[in-house]
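Okay, so here's the structure we're looking at.
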């Protein structure tokens, strides 16, 4: 087990030129996890499941987020993604890792290292403009995991004819992700038209009886359309992960 | 104020031939309410609001239901409707008032006296076959209040093309009633297509995350379609009442 | 389908004088919807349902609200209404569209273009002074859709005699809207007195067991008064829409 | 502490004539509580608070109910009241204590021993006929504790004019008890008219959004009328207790 | 009905010396309510129920609070009490009515005019120091309505021996008010010891499973102690009102 | 649109030998839906989405279930599956369609017509023996849609070593379905070990804080494992459908 | 891994006399778990944690319960305990294993094999007679795991003086278990007096606001007494397990 | 009873040198509680239960926290711990009591006076880095009560292999505390491996369906692992208290 000092030692050795960066990465990548004291980073996850651990910034200090991001990066993750990150966290990550990219609406910051060759098509449709943050979190995650993604925003059921422009993409998708708040009815409507697996993402958009996304969640879970499964409220990350996994599997060469 | 004995006296006098039935009815109709001890029957409601009091059988003994039904009937209600009535209650009412009619699925029994000339069109659409009891409770109430009613059952959003046969009726309706359980998405879909007022009726159909109709209710309340209002879970009676009131008003000569 | 660039092109052409504004409006009005990338504006809704799409500002950036407002305006909406808008959003809309009007308490900003000739009377009564924001959101929407509106505020059931001044207006209304928080009992009391359809609007006024409006909502849904239907918590917009639709229908020439 | 055997011994001694019944009662009444193994009967409560312990039959076996009732009776309680009792429990109590009385609708069975001279007026009003079981449980308890009780049933707010017959009694009451299910609005209406303390009792009458009495409870708790306090759902017993205590206190000689 | 202009006219006349203040008050006091546009002030309430309307500041603008306070004051209320008032509201009231008093912790500001001669003893006990705001809101209201009040704070059940100093006051109280958050057990413990009526006030003190006061509320409602009734979460005002009404009634000369 | 009589006519013609069964099936299969009055059967669904409509028996009469089953069968569905069926419903279906099969624990009855050639591996693991009904509903559905299914029951996390026998199957699965009630932790544990998409199915197994499956549902939705999506409580049918769709897609030739 | 047939083979061999029962038990006890198809029995648990798996009968068929019980028994469990068992299940277990014992109120049936020498004192106190089933389930489990148990029933806080007889036992206990429904206040009161760890067990006793035990649960979790932890609603089994573990640990020789 | 002035007098006398500090402490320690007006400090608790009262800063003013802390300190508490303290409160305590220590993440400030000799081992494991505040609150409390504590953070079930480094410590622990938010599955996994009592602490970490810790709480309560009990959401203090009590008891000499 690598205790914190061990990681520190290794990084120090690299900084001092005593260990070549590529060697350090190899050593780290061989460890099943990294112990940082306040965190035990699962560097083995990508090997085991094909997707690196993502970092939820909420509830962590900037220093904790940075340390975990650097550890994953050092250990050879194909990408490092920080979600639900405040502007301060995003700035700190970009300063620490210059090639990091950022999406303000999605509150995300990430580093691409060895993103897999795209395979499989994920189509994301949303009920309203306000679902944007979740839509783009899902899109970024799915792209980092090697899926092609097409996005159609604001095609809610109150004006069904707006779906006409979306249907051809739904017909050729390997996985459809439906992002919707309020009553979440879009998942049922799109779900009744898609031949591929559908992932519903309820959002906390709406007020009053929307109950912070619980209504959309329960609506999607109660839907009787065939082939629909659901992730948690506002969980764009989870939707992107499972959609990419489904889509890449369906397009396997 | 008519105390119970007074009503009993009056009915006894009628039975004894001392008072002509038509005179008795006139006397009763002139009273604002009838006191039965366990009930204070609002015989004035129809005059005030155009619709007679309906009797919710649940939670009342057979004797109580019968006494209230007879009092309303005697006081000249245009119709007497008993809802959520067990087979025993329905049988008792039909025995006591021979011209009473019954609908088993709707758990309703009723007497028509002076139902108004039909005016205005109410179109009821439902999401599934299991919504039948609520559909027909709403239909019966609206018809007793003087509306014409057309019913389309089981046209849920999982197979949207089934709505095609319904659209012409929606286009000419004075009020559309949408009855749906589970995720209740039909209200949003139909609501986005109707030019007239829409009344949503969530039902307790479904299990698990349907939460006994709460999910459908919240979904309908969170819907952003224009022109939709909602009644309580499984409240076919309330839907029939307000729909008839809207439809008759819109078709006023 | 008009992609964003297409709209931009059209607007640019108008700005450059290459297309006459009236021609541009005609072209836009002929399209079923406008695609803005982050939004798919349903310009067809007014044709289909008689009421233009309203814009919920919450959860949208100022830029998004502005773009949607301008698109609706350009496409010929009879009115453009932005609800739940912060002071910043309201200021931005007023700057972009000089003839826009604003109501601070109601958090609304709107533009009147071709508001229909008033027809039908909507009477709004509220339980308390704090319900004001919802009362006025409902009033503004109903007026923009072509209804005449009378407002009576703070006539809650704790002092029933205050209703005496309201009863004559209730008696001649085509639709009554009852706005109330806390226990929402006003809907039942007014509902028992009105011969026309009644729309209840629960508000989030109150604390503790008021549960953010859920208590008032459930109370209105559980009420056994005849002719009452309900919209979501604090949903003044929805109440104004359905009330105007009912009232205009009942007064059709 | 009197262990079970001690009570058994005492009862046996009485049965055998070795101890005079009046002596036995005196001995028991002097003990602070009786231990029955499965129960520790608080015989001291009446001395401490002026009201004997009541027995909730639900969740107890018939044998347990009987043993507790006999112990209270033997220890000199002014009355013994068993609530929420099945027909079997009621029959068993009446067989064991011949002078016991029963009310079928209220599911209650009780014995009067030394009920205090009536003092203070409790007026109970209910919203509907189905609230009857709770109304009568409250009435019986208050009468057993020495209050005079007047009952008005089924005067719900949907027909407010029915309250006219009730107002004179409300004006002279020492405590008003309002029993109502569904939206519970009657408590607010009556509460706004009463000069004495008001006790609200929400009932589980209603379906759907009535949520088993929770809606009526929350409505009563959210009411802003002055002088209203509330007991638990369907808790006629608690209402009768506190109302009698208030009413007797206000009429103290 | 006095429309706003009428009130304004009257106040202007007083300011101009055309009407003597005592005459103005008499005129106002004779009106059943005052219409301010955004409010319909129930000046008749004190006559009807013995307690003047209190003003909940939350959800009202400073201008609205001030106008209602001045209207009540002008109409001759025995006291004017503003609750849940921000520092800004309290300062504005004190500036407008110089003799107003303030309690920072209780967030209250009030004016005493003709507070009744004290009669009856209310004893308030609280579970913890953090319940202070609710304790003092209840105390102030009860004192303004003419009750004597004694307060014991922070005697929660985790250290039961602390109740020893409180018991003598409980024994001589006319009404006991128990204010407690978290698990609210103090109401059951004190309730089992008090011979007079007990009013429980659940507070939102606590975190996690305290659920903002709902746990304490449900606990108090589920308690089987005799003679306990409950008001809403954090509703010190309501507790003070009903307690004063009970206590004054029990000590009537 | 085929009205009921049309279907009846066709079936009668077949029975009479006037139309060959294969011709009748072809005619029916060409229709987008069948109208039965109380139901509008979506015979087009299999064409559109690859899976025939399933029949939820709960809330339908035996006659309704039978009529829908026969209509689907007649219209050429690859399989007809009735779920949540009482013993009476299952017996009626087996009598009407002799080749129907039944699974008592799963409360299912079904007919296989042209089940697709198996492709793709679904592995179902459950937390406890009591999850059996849901496990087998999912298995039957997935098999009818053309997936190979392996089941491992009762390998909950309280004895993690029991998973050792399951890991090889998880490693080669195309989709893993985790069925668990109570705290639903198995989804997180298995989800952290699977490289393929995982579908969680919360069940209503457990009492008290299990809250009828809501706890397991929320736990699965809150899980941070990568690649997990969830269906509704006890929704074995939905899990089988989406799992088959995923697994068949991943093994496409 | 032992597949079902292996267990069957072994049992058959014992029945046939080919394997000595003691040898069979040794073979079984050496296996980490037993696979029965519908169950994977964790025979290793007692070795790992000191307590054998208990069998929750609810949701299992009689055949399943019996098979698991026999498997545990055969594998050498120190005791076999079946909880929440219907009379039919209890009878079947007693018929299959003649030395089994039964407790009707606790709905439990069990077999003692090698119960450990008693060590450590668990004191169980309950709030009311109706908590009996949970009290005795906890007692039986703790006794089977080798603790001495003393029970005091019905000493709820409404009559605090009843605790006097219990205090000496609390003072010498190694672990106190408090079983209470309704408002669950007993846990706070006893918890404030006990020097040892306290385990709270909320029960579903009570109606209305007791919410099936949720109120008692939340109350116990919100309690601020020191040294209290809680198990699930009605979970006597869990309480008995953890209490025995604590008590035996504290009395270790 | 010591009224506030008495405490003030005593402190003044100490400050003036009239009373020796050690004498003052002895006088205070002899009192069962200290009355501060807004607080009744339970100085007797440590004597009764072995642990001094802790101070929850939330909901108290800085002055109140300080006064209670000084009173406990003066009365001879072995330690004084203030939890959920803002930076301002922590600074004030450190200024008033210079030897006070602080932990920023845990929001705690405390004074060690006579911490008992360490006895018994508590092992705390957490599911994620964001659980840190609760982990350290529990650690600090347990250490102040005289337990040895080892902490392992971020070993959640999504990467089970990270537990390998923790197992040896679990095997030798006297009590294991599991701190986890989101789905709380770690309690079940660790609970299935520990031979000693396990205390679960659900945290409010997570969003959406985590419902502020309720999901983790319900999951832990529904877990069927043997030997697990639970404290409230985010209640590190309570976990530290009960764990120290268990661990010290198990290691008693």
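Lettered A, B, C, D, E, F, G and H in written order, each chain numbered from 1.
Convention: a contact is a pair of C-beta atoms (placed from the backbone, for glycine too) under 8 Å apart; a residue touches a chain by one contact, two chains touch by 3 or more.
Please read these numbers as outputs of a predicted model, since none were measured by experiment.
Each chain's centre was taken as the mean of its CA atoms, and the one lying most distant from chain H is B. The chain with its C-alpha centre at the largest distance from the centre of chain F is E. Matching residue numbers shows that E-H is the pair in C-D, A-F or E-H whose interface repeats A-H, with more than half of the contact pairs in common.
Here the spacing of chain C and chain G, counted between their Cα centres, is 59 Å. Averaged C-alpha coordinates give centres for chain B and chain C that are 30 Å from one another.
Centre-to-centre separation of chain B and chain D, using mean CA positions: 37 Å. Counting only residues that touch two or more partner chains, chain D has 45, 53, 56, 158-159, 192-193, 208-210, 217, 221-222, 224, 226, 232-233, 235. In summary, the structure contains touching chain pairs A-B, A-C, A-F, A-H, B-C, B-D, B-F, C-D, C-E, D-E, D-G, E-G, E-H, F-G, F-H, G-H.
By the touch criterion given at the top, residues 128, 156-160, 182-185, 188-189, 191-193, 206, 208-211, 214-226 of chain E touch chain G in their complex. Partner chain H is touched in their complex by these residues of chain G: 45, 48-51, 53-54, 56, 174, 192-199, 217, 221-222, 224, 226-233, 235, 238-239, 241-242, 245-246, 249-250, 252.
Within the complex formed with chain E, the chain H residues making contact are 1, 32-33, 35, 37-42, 44-45, 53, 56, 58-61, 64, 68, 84, 204, 213, 217, 232-235. Put simply, chain A touches chain C in their complex at residues 105, 129-130, 132, 152-155, 158-159, 161-162, 165, 205, 207-209.
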